[in-house]
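For reference, chains read A, B, C, D and E in written order, and residue numbers begin at 1 within each chain.
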Amino acid sequence: GKNEPAPAPKADAAQELIVKIGHAAPLTGGIAHLGKDNENGARLAIEEANARNIVIDGKKVKFELLAEDDEEKPDRGPIIAQKFIDAKVAGVVGHLNSGVSIPASTVYAQAGIPMVTGSSTNPKLTEQGLKNVFRTVGRDDQQGPAIASYLATEYKPKLVAVIDDATAYGEGLGTEVEKTLTAAGIKVLPREKGSKDSRDWKAVLTKIKGKKPDAVFYGGMDATAGPLLKQGRELGIKVVFAFGDGACTNTMKDLAGDAAEGFVCSQAGIPVQAASSKFLADYKAKFNAEPIQYSPFTYDSTHVLIAAMQKANSADPAKYLPELAKISHNGASGKIEFDEKGDRKNAEMTIFMMKNGKIEPLAIIKGGASVKYEDFIKSAAATPAAPAVTAPEKK
Amino acid sequence: MTFTDKLKTNPAALWSGVVLIACALIALPFALAMAGTTWVRVTNLAILFTLLALGLNIVVGFAGLLDLGYIAFYGVGAYVYALLASPQFNLHLPFWVILPIGALAACVFGVLLGAPTLKLRGDYLAIVTLGFGEIVRIFFNNLSQPVNITNGPQGISRIDPFTIGSFSFSQNEVLLGLNFSGPIKYYYLLLLVLIAVIVINLRLEDSRIGRAWQAIREDEVAAQAMGINTTRIKLLAFAMGASFGGVAGGMFAAMQGFISPESFVLVESVMVLSMVVLGGMGNIWGVIVGALLLSFVPELLRHTVDPLQRSLFGRLIVEPEVVRMLLFGLALMLMMLFRPAGLWPSKVRQRELADE
Amino acid sequence: MLEVSGLRVSYGGINAVKGIDFAVRAGEMVTLIGANGAGKTTTLKALTGLLRPVAGAVRYNGEDIVAVPVYQRVKMGIALVPEGRGIFPRLTVEENLDMGGYVRNDVAAIRADRDHVYALFPRLAERRRQTGGTLSGGEQQMLAIGRAMMSRPRLLLLDEPSMGLAPLMVQKIFATIRAIAAEGVTIMLVEQNARLALEVCQRGYVMESGEITLHDNAQALLANPQVRRAYLGEDA
Amino acid sequence: MEIFLQQLINGLTLGSVYAVVALGYTMVYGIIQLINFAHGEVVMIGAMVAFSVIGWLAANTALPPLVIVLIGTLAAIPACVGVGYALEIFAYRRLRHAPRLAPLITAIGASIVLQQVAMMIWSRNPLGFPQIIPNTVYHLEGATITLVQIAIIVTSVLLMVGLTLVVYRTRLGVAMRATSQNAHIAGLMGVNVNQIIAATFMIGAALAAVAGVMVGSYYGIAHYTMGSLLGLKAFCAAVLGGIGNLAGAMLGGMLLGIVEALGAGYIGDFTNNVFGSNYQDVFAFLVLIGVLVFRPSGLLGERIGERA
Amino acid sequence: MSILLDARDIGKRFGGVEALSAISLTIEHGEIYGLIGPNGAGKTTFFNVLTGVYRADSGGFSFDGAPLNVSAPHQVAVAGIARTFQNIRLFANMSALENVMVGRHVRTHAGIFGAILRGAGTRAEERAIHERARALLDYVGLAARGNEIAHSLPYGDQRRLEIARALATDPKLLALDEPAAGMNATETATLRQLLERIRTDGTTLLLIEHDMKLVMGLCDRIAVLDYGRKIAEGAPAAVRKDAAVIEAYLGGELA
């Protein structure tokens, strides 16, 4: 964030309403790149909103983003949360990790501040019965079944190996995949695990190779999935590899080289590529980088917050929270509505395949049904192109 | 005559000092809350880490045993609390029952770790304790299969806060016109525990056992020749240190409401050790200073780097988190380079340094 | 050869040596005696550079060497047999001796000197493959002396070489020291066994709590009633 | 059987990587009994520099791949040596006589700084290490081994042998060992102690550079946090073998690698899948603890004949 | 007089070195028993075996009428044997007084809970430890140096402090490894008075020493070791005339 506008002159202060929105994600440590990506998404949304000269309660609104580094540490969660609350934020986008979001969420709940995460996928987050917690991203128990059923129908494996990185995310996703496969009558090998810092997967893969599975699923991030895929091919495992959203990135090509070709993976929501082309272009223009993963969701989360404020014509959390719960917003990642728990309704899931060094969407899975990507795009094109943000006057 | 000696000969000054400090400590959270409740939370976490540092100080500072797996005991305490006071097993025991159980469990783990490894010296012990810490964490992370005990990496949520009757430590309450928020209540509780732990530490240090620890640290062979059962005395250090960790862990679980194995990783052990070393191994006050400093410095940087850059350059030049980490790293180095025995070393450690 | 003037050394504020002057001529044997804690070891450490004096000058062959680092003083020909022997515990006896010859390059001559040391102390030859740390006290003392000789010093400083040695060995070591001196090496000897030291040396200095209080030739000191009472254990 | 053989190959490769990093630890530890906790970060810097140089050369020149990798390594070595020397001067030299744990803290501080600097230079992203050496796969009794794996194993053995020769056969080596046992006395023997210690650090750092290239090209990834875990594992390996002992570092590294591979490969089968590869590290640490309980100075560590 | 320590056939090897072979000796209550011999003869090794630092390869001890079964060195102190070390091993950074207080460890009892609760019993014990330690410092002539740090004491004082610390364990047998090393003749004479007084006060002494004047003047009986074997034993006058002893150890007596 290098080109923030200078603080507004004092004279405007009377008419200007400053609305602060918090964003928290790890900006240091092993997944700092994802954290920064998330922050960029939120930052982009804030700038757009400011450019639109939104008026709430008769005042011109200036949105400010307070970005914090939660270091991936659960015990930092509540502290950051409190810091936001002390700074009187109107709402929070984040956190990135479920393990941090959960302890932070109770602090937000006590203060009545809404939080919308674009990347915490652990079901538990919204199962706590808190009214202020929302997510624009799919849950592990939505995404897992999606990729698993795709594997089951497209590849018809008899035996699948499931590996995870022993994190809340990877393990949770792996468990959902396993459940779906087992339910479909497919055998699953005993779970193998690495860690979020694993680079050497040879031993695990060798063992798996000996059991001759027909497909391999890995729940974890690209930094570990890349080496896993590469080493799997080196060992001569020729079957299909599948991943969750953590490894559903183009980085996989850099990390695994030629071995990357042909893996499949899922993303919660619609693909970054499918995200409004405006988002993609703006992101690229502003940050001189491709969005990595969850930035469309944090971007949307930010917009959803703002949209709810506009609807309620108030930036007071107590007033706009009800609007947030029943929001309907066409975002970069598709249409966003929340169910009673705060989860995204009918969250789309997209299945990708690595082709020629880029992940290409294959299918969209929504409500258990699979639609070919081309068909999805066609049908989307049929309806008038969704503006990135719902106009406030449309009631 | 040292300052403390002077105080001893002047009880009036001593007591007025004590009263003054007590008042300051009692008023502190309200003062902090004015700057932001986040500072109360930061303080609470700092006190929690001070408890850990004081526990580790017994092992490292008093007995001279390098322990890189100390966070495991914190974890044991936290998990004991979480399992006995959460929907996980639908148990909701009161905290004054669980905390001692947690301390005891941690203590047992301390002995389990200590017993086979105490013959090891220096860095070999460090590695074994490191391994032990990792083993404990891996079990936390995996004991969801085949029977679900810890819920694995998903962690345990909705852990009960401390409650006495209908008085809950997590709720806001207005008393005498003052707003007692959850963090403020925990602050007082933590403060009480901290004072107890300090007293215990002070008494241990100045006791037959404390002298034996010091003797072992100085020269194990000579200590044995004096009839000190070094194995037993070292185990005692491990057990004591571990129980403090266990208590802190229980409090952490209750305050946080959610725990997962991520909170008990090696880096945390290293952090607690840094607090002990940086503050001044073996000196209780030094250790407290170290713990507070390492807890507050990153938060202070978090609050100052961004505004400072803006006021200096009008905009952000380097991302604040990068500056924060850089400054933190540099601060660690500089503090140690200029005060190698720690910021406030024990007299003994100062001598050791002067010796060379 | 060695001229010390106004030497003061302190340990963090505690003055151990309080401005002493003395001199050693080339080829001479001089002893420094004094009670425990008088500052003898401290003086020797300052001469070798292990301790940096607070004040004073140390002239060696006319050159002020106060600023010269330890390792270069060895090259200039100063060697110390330190108090407490300072054996490398995990190097073998032979490697310890080789370390003594570290500053030299003449491989053949080093080997010859090593054999010379073995001839002097057959016990070391027996233990040549054993690590230094497992030697008995006396064996370590032999090794320390042998090692110092390996650098072919011109000025040999010995700090209590007889400490912990069996009577026979003390005789042997003193004979060796004499022999070394006879080869033209200048010797400065710190010794608790004052009688023995004064018997082998030509001159002696007496040190008391950091100051040199007496200086005379050895015979005179041996006869001095004050010395006899304080250091020779006689109730004169 | 072929699975077992494959696991051994896996373990040996992993072990060789550990071994080379462990050698660096052991060198430095051997001489000043200091756990250079920033060593892993030096490895990371090595990998990063090699990443940049190799990437640039591959994109802009037509040199043969092997030459490019060699140049990359040769570029990484001075960079790491510089970092190693700087660490010695700024983080450790002043603390040589400080309490044992003081340098541990400066090392942690230095690690943080190095990581942040690397992050500023090379970004937060995991970087795909250029795969320019054709990854030829050889088949061996049903198991596979790649060219890179062979290179790693051979290099690490060569490095160990070379270092052993340096330490036990050269003047520098004896001086290093003497300094390690008693620096004051070594000075009295005419050893320039500062120089010897700095040299040791630089050798360790050069090893780290090689290790960085190895890790980068084997796993195909470089990231600014990659050093910490690797460093830690390698340190365990060094301790397992007997810290301060070169052959021990090698043996410890190999053993740790093999134990990890076999642990991941067989725990599940032996425990009826009650425990699985998730307990791989538990298994590895139990082996480590077991070894140390029975051999308190590691496998080949010199038992210090301490006299009472 | 009755037998306090009875060593039978003690043997100890280090690799190829036979440090002790079949050493048998007895020490009587109240005597001062000297152990001499050339450097490397095995004297310190004998101490280390006796005090449990090393385990004997063969043979055993009985002490005060009962077999001395030690599985850990600290039990030796419990049994009533205290020692000093050839290379002084004080708790270097503790004060002189604290060093002696540590010596009281084995005869006192306060545990963790005692320390934390600090009841009347614990406080009384602490006071007793203090008083006893002060008394012992006074006994060895260090009354004025109680608060000084052990390692900054002059050498001779450190030796004396080691003796005070050993005495604090209430030993029946006090084993001293070269207590006069590094002392000049005058200081040695003072030490001799101290040792005599300790004996008079009822503690048996086992003494390793190379200072012949001290050994011959002080000891009731002497054993001479050479290459791990006992080559002579008896009264000082007899030992100093023994040809083997002269050959191996004494040489042509010092002037």
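The definition used in the following text is that contacts are C-beta pairs under 8 Å (C-beta built on N, C-alpha and C of every residue); 3 or more make two chains touch, one makes a residue touch a chain.
All of these numbers come straight from a predicted model, not from anything done at the bench.
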item: Shortest contact path, subunit A to subunit C, counted in steps; value: 2
item: Chain whose Cα centroid lies at the greatest distance from that of subunit E; value: A
item: Centroid distance [mean C-alpha coordinates] between subunit B and subunit A, Å; value: 35
item: Geometric centre distance via CA averages, subunit E-subunit B, whole Å; value: 43
item: Distance between chain centroids, defined by C-alpha means - subunit C, subunit E (Å); value: 30
item: Gap in Å, rounded to a whole number, between the CA centres of subunit E and subunit D; value: 48
item: Two or more partner chains touched - positions in subunit C; value: 11, 134
item: Touching two or more other chains - residues of subunit A; value: 28, 166, 191, 193
item: For subunit B, residues contacting two or more additional chains; value: 141-142, 221, 322, 325, 349, 352
item: Subunit B-facing residues of subunit E, complex; value: 51-53, 72-78, 82-83, 85, 89-94, 98, 101-112, 114-116, 118, 122, 125-126, 129, 149, 151, 165-166, 168-169
item: Contact set on subunit D toward subunit B in their complex; value: 29, 33, 35, 90-91, 94-95, 97-106, 108-113, 115-117, 119-120, 232, 235-236, 239, 243, 274-275, 278-279, 281-282, 285-286, 288-289, 292-293, 296-298, 306, 308
item: Touch list for subunit D against partner subunit C, complex; value: 171, 174-175, 177-178, 181-182, 184-193, 302, 304-307
item: Of all residues in subunit D, those that touch subunit A in their complex; value: 3, 6-7, 10-11, 13-14, 116, 119, 123-128, 131, 135, 137, 144, 146, 215, 219-221, 223, 225-226, 228-230, 260-266, 268, 273, 276-278, 280-281
item: Subunit E-facing residues of subunit B, complex; value: 200, 203-204, 207-212, 214-215, 218-219, 221-231, 236, 240, 348-349, 351-352, 355
